[in-house]
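Same chain, two partners: chain A is paired with chain B first, then with chain C.
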Partner chain A sequence: MSNNLTLRASVLSFVILALFLAAWHIATRQTGAVANMDPEYAKLMGLTATTGKSAMPGPFDVAAKIWEHLKNPFYDRGPNDKGLGIQLAFSIGRVMLGYMIAVCVAIPTGFVIGMSPLMSKALNPFIQVMKPISPLAWMPLALYTIKDSSISAIFVIFICSLWPMLINTAFGVASVRKEWLNVARTLEVRPIRKAFTVILPAAAPTILTGMRISIGIAWLVIVAAEMLVGGTGIGYFVWNEWNNLSIVNVIISILVIGLVGMLLDQALARVARLVTYPD
Partner chain B sequence: MTLTYNNEDKFISIEGIARRYPKAGGGETTIFDDLWFSMNRGEFSCIIGHSGCGKTTVLNILAGLELPEDGVAVVDGKAIEGPSLDRAVIFQSHALLPWRTVLGNVSFAIASKWPNWSQEKIRDQAMRFIEKVGLKGSELKKPAELSGGMKQRVGIARALSIEPKILLMDEPFSALDALTRGTLQDEVRRICLETGQTAFMITHDVDEAIYLADRIVLMTNGPGAMVAEIVENPLPRDRGRIDLHKQPDYYALRNHLIDFLVTRSRSFKDAIPEGYSKRHPPIVRPTSAPTPKADLSAA
Partner chain C sequence: MFKNPFDYRNRLSRGCPCGQHESQSAHDAALRVQSAELAKNTEATYENLVAETVMRQIFPVDAHRRAFLQKLGASTAAAAISSFFPLATATEVFAQAGAIEKKDLKVGFIPITCATPIIMAAPLGFYAKHGLNVEVNKAAGWAVIRDKTINKEYDAAHMLSPMPLAITMGVGANAIPYTMPAVENINGQAITLAMKHKDKRDPKQWKGFKLAVPFDYSMHNYLLRYYLAENGIDPDTDVQIRAVPPPEMVANLRADNIDGFLAPDPVNQRAVYDGVGFIHMLSKQIWDRHPCCGFAASQEFVKQNPNSYAALLKAIIDATAYATKAENRKEIAEAIAPANYLNQPVTVVEQVLTGTFADGLGNVVKAADRIDFDPFPYESFAIWILSQMKRWGQIKGDVDYQKIAKQVYLATDTTKFMKEVGLTPPAATSKSFSIMGKTFDPTKPDDYIASFAIKRT
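On to the complex of A and B.
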């Protein structure tokens, strides 16, 4: 039954994809009307006006370019011409670094907030103010104080990953079932052991949910951050290709950003499944 | 009647404890105050009373999870100041850690009691008690894979595995179906008799109390609950669950308890018998023989 459903869903997905590609292909074919104009002027006007060819690439153009990228993802021909693989590696590296630092800060802090009603109340106003700030708003301050664009991007990732993890950890720790804590109390479990053997496993699913939200936000923000700081990364690549008027590469970047984001999310979803307990 | 108080043989002694909660509109609600009773070593005691009379509070005080505002609960000559591994609790909701297996849950308790034990020793001890409650073969299952009765068995194994001085049970079988409840009552009674385990249990179930308890503490309705009397179980020690009702004193005891729950738990406060002392609640032994029902002189 469920197998059958999966199969039917896959077929439907495939049909939707095929329809989309066909519509795309038809929409970006030769448009026909070619204005008769002075050849000097035609040079300025570009392909749309002179040959009737749409500047928007069709699916075959994109596929050909993807193949080109796949054949050679890691070439490096100077600052403005690096392979897609290299650009992605830069972005993922920044995200991982900023995210890991955020994990190291958010989970212990969240633990403290979750365990102590005093800390929770005391820190709550700060969290509430800091949380809604767009991470990019920190960028000028980061650039000014850190004086390094690459580290500033990492800082921006750090600051945007922090809040969901912090809030979820605090919530998960604060809402550990009283009966489990009572078990720990009647067994005279020492605080450190209790933190690792009762509270952490009990709160782990909630913490992982926070980590999943964070990685999603971090991947959204890295593209914007790299557009600002420039140099390397997939965000910079998108903007650079826009300046090159290479819509094909822009489309490919969009696709790749989506795929990587999905993989990051799936990786954390897998970890979340490991720590989730049926109740 | 003398008011001398001797601590002899009283393994657990509840001495004038009081518990009060602040009321929503100011002031306090007294759940109970000046509550006294005691239990002997190796004895199985049940406490019965209606919801809200503070039974669970008494158990929590014995567990050390709550502290009384006044008075003291003494176990084995020492006042209770907090939870202790000497007093194991079987929770109504079983309270197993769902991310640990049966073995993991029992081992967790054992490792807490004896932190220096080796892995194998902990495992052996855990397996011994898992076998005792009839769960051999399920030790690697997670609680979610077990039925309600099996979960409660794990709770029992966890509590017994740390070899506590006292076993405290908060309506451990109330969430189970009648058949499962019966078999678990048998197991608990067998284990307690075999090991001479001192046990204290909260229950709503009169037959459960008659079957399991040597002494039954009757608590009046709250707020301001009192120990109306302590009922000694006149049934023979080798009683069986199935033919409980064939015992000569069964109906005398059962009627006494039902009568208490239905009427006296409510009316006791308004008509306190002469000579009643909170400090020495009367000890009663209902039998079918036509002797005076209540013997008001404290034992």
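On to the complex of A and C.
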């Protein structure tokens, strides 16, 4: 029965995709009237203006361009023109660095906040104010104080992916069942041991959920940050292709950004499954 | 300054670390002079200095050297030494190693044709010719290029010519002494309007328009405001002027967010190429040979690396001279169009640089001086820009026009380096010019501001 459901779901997915591609193809077919132009003048103009070609690329244009990128993902033609693979590597590297720093800060701090109601109440207003700040709002401040654009980008990832993890860790730690803590107390378990053998496993699923939200945010942020600072990364690639009004490449970047974001999320979902326990 | 080591009457051993001077203080003083001399790149200086070092190594005791020279004669001795020690090569090596403090430089640019000399100097080898290894980096916008240059991520950068003035005065940024030793391009901008306005060619019909310029502190902003005001349109109340980064302008014009823009190329030509807009007028019709973008560096960089700065500036001046020649423009267009630099179709860049272009209304226009390149930063340009900053209320109170102009626009340096690369600099560092028929006298900027009907002072 479940096999049957999976099969039916995937068939439906393909149908939706096919319908979407067909609609896209029809919508972007050559439509506009061919303008009557002096050939000398027409030579100076783009295809959109001369042949009435839609400015929006069709699915076949995008597929051809994807193939071109896949054939040579790691080319390096100078500091401002690198392959899609290299750009992605730069972005993932930045995200990982900023995210790891955030993990190192958020989980211990979350533990402290979760275990102490006093700290929790005292820090709550700061967390609530900092949490909704957009990454782009941090950028000018970071550039000004850190005085280095690549560290600024990492800092912005750090500051934006910190809060969900912090809040979830604090929540998970605070809501560990009282009975388990009481058992630990009757057995006279030392605080450090209690933290690692009782609270951590109990709070792990909640912490992992926070980490999953955070990696999603970090990946959202990197594109915006790189568009702003420029230089390298998938965000810069989008900006550079926008500069050239190359909608094909922008669509490809959107696809790639979505795919990588999904992979990062799935990786953490796997980890989360390892630490879940039946209640 | 170095004595001829082949002259037996001269003494070479002395009491300072390098052995050339009488005392430590004389050594230090000479070093200062030497660095100034080095910048002038006088071959003879190096030759004597290298030869002297070689002679001192061969004859550690000065008396032996003198005896040797007396016996052989100076020229024979020089020839004899050269036969086993290549003095000429050593001099060349020394000239390069001693001259440039920092060889690997990063220069920022915005992908527009104004940056042509800065960009093309990389693929066409002008930086390498002057002994530099320069990486040109594309930046996302003017605020970013400003911050990255202030952060020292870039050693020097392409900026809009009012920006170094604004940064030096601390308008829109922290006050940091900045310099602009070279103008990049003159002319090369245009007013582009959306296709739906093709019948509204008179600016008096533009009330309520949303117009874009690349940055608040840009020639584009001042030229557009000037043009509108001369036509009786108040740029602050009758229209809306927004700062939009050049790459986003065409997309915004297509999306109908703006009615037009005064922008750098290739943005204008790109709008025509994609059938989104038409070129209403070229900026040279407002002010012929107006400056636009400049090559800027912090005063700190100039002072700390005088020889790198000299080499960089000479490379830029050299490239600018190359770009001025009409016969080189096609080659340049092909060199700077790829994704690493402007990332535009070659034909768009070529139309901008050659001046034979489609205007978007079905005509092929020929204007050879649509864009031109002239590195000379006339102080009167700076004074005009300052006068407009004051006119539109960007700066308030009294302005010491002449002092700021002299401090930021390093016309004297440009004169010197232009001579060194074999160009003829203009005789005066200031010149008078006329904009839309109105003459600007650089000695009376305040009277000039007062003479306008529309102003914010």
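What we mean here is this: the second predicted complex is superposed on the first by the 270 of 279 C-alpha atoms of A that agree within 3 Å, B and C clash if a C-alpha of one lies under 4 Å from a C-alpha of the other, contacts with A are read in each partner's own complex, and residues count from 1 in each chain.
The rule is short, and it goes like this: a contact is a pair of C-beta atoms (placed from the backbone, for glycine too) under 8 Å apart; a residue touches a chain by one contact, two chains touch by 3 or more.
This is a predicted model, so every value here is computed, not measured.
Asks: State whether chain B and chain C clash or fit side by side on chain A once the two structures are superposed.
Replies: Aligned on chain A, chain C fits beside chain B.
Asks: Answer with first, second, both or neither: which of chain B and chain C does A:Thr197 touch in the superposed model?
Replies: Only chain B is touched by A:Thr197; chain C is not.
Asks: If you stack the two complexes on chain A, which partner ends up touching A:Asp38: first (chain B), second (chain C), both, or neither?
Replies: A:Asp38 contacts chain C only, not chain B.
Asks: Does chain B (first) or chain C (second) touch A:Val189, or do both, or does neither?
Replies: Once the two structures are laid over each other on A, A:Val189 reaches chain B alone.
Asks: Tell me the contact category for A:Trp242 with respect to chain B and chain C: first, second, both or neither.
Replies: second
Asks: Once chain A of both complexes is superposed, is A:Arg77 in touch with chain B (first), chain C (second), both, or neither?
Replies: In the superposition, A:Arg77 touches chain C alone.
Asks: Please determine whether it is chain B or chain C that touches the greater number of chain A residues.
Replies: Chain A has more residues touched by C than by the other partner.
Asks: Which value, in Å, gives the least CA distance between chain B and chain C in the superposed three-chain arrangement?
Replies: Nearest C-alpha atoms of the two chains are 51 Å apart.
Asks: Which residues of chain A are in contact with chain B in one complex and with chain C in the other?
Replies: After superposing on chain A, no chain A residue contacts both chain B and chain C.
Asks: Which residues of chain A touch chain B in their complex?
Replies: These residues of chain A touch chain B: 177, 179-180, 182-183, 185-189, 193, 197-198, 201-202, 204, 275, 277-279.
Asks: Mind listing the chain A positions that touch chain C in their complex?
Replies: 37-38, 40-41, 43-46, 48-49, 55, 77-81, 140, 143-144, 147-149, 227-231, 236, 239-245
Asks: Which stretch or stretches of chain B touch chain A in the complex?
Replies: Going through chain B, the ones touching chain A are 63-65, 82-85, 87-89, 91, 93, 95, 97-99, 108-109, 112-113, 142, 144, 162.
Asks: Help me check something: in the complex, which residues belonging to chain C touch chain A?
Replies: The contact residues of chain C facing chain A are 111, 135-140, 143-144, 147-148, 150-153, 247-248, 250-251, 254, 270, 272-275, 338-341, 343-345, 347, 351, 357-358, 362-364.
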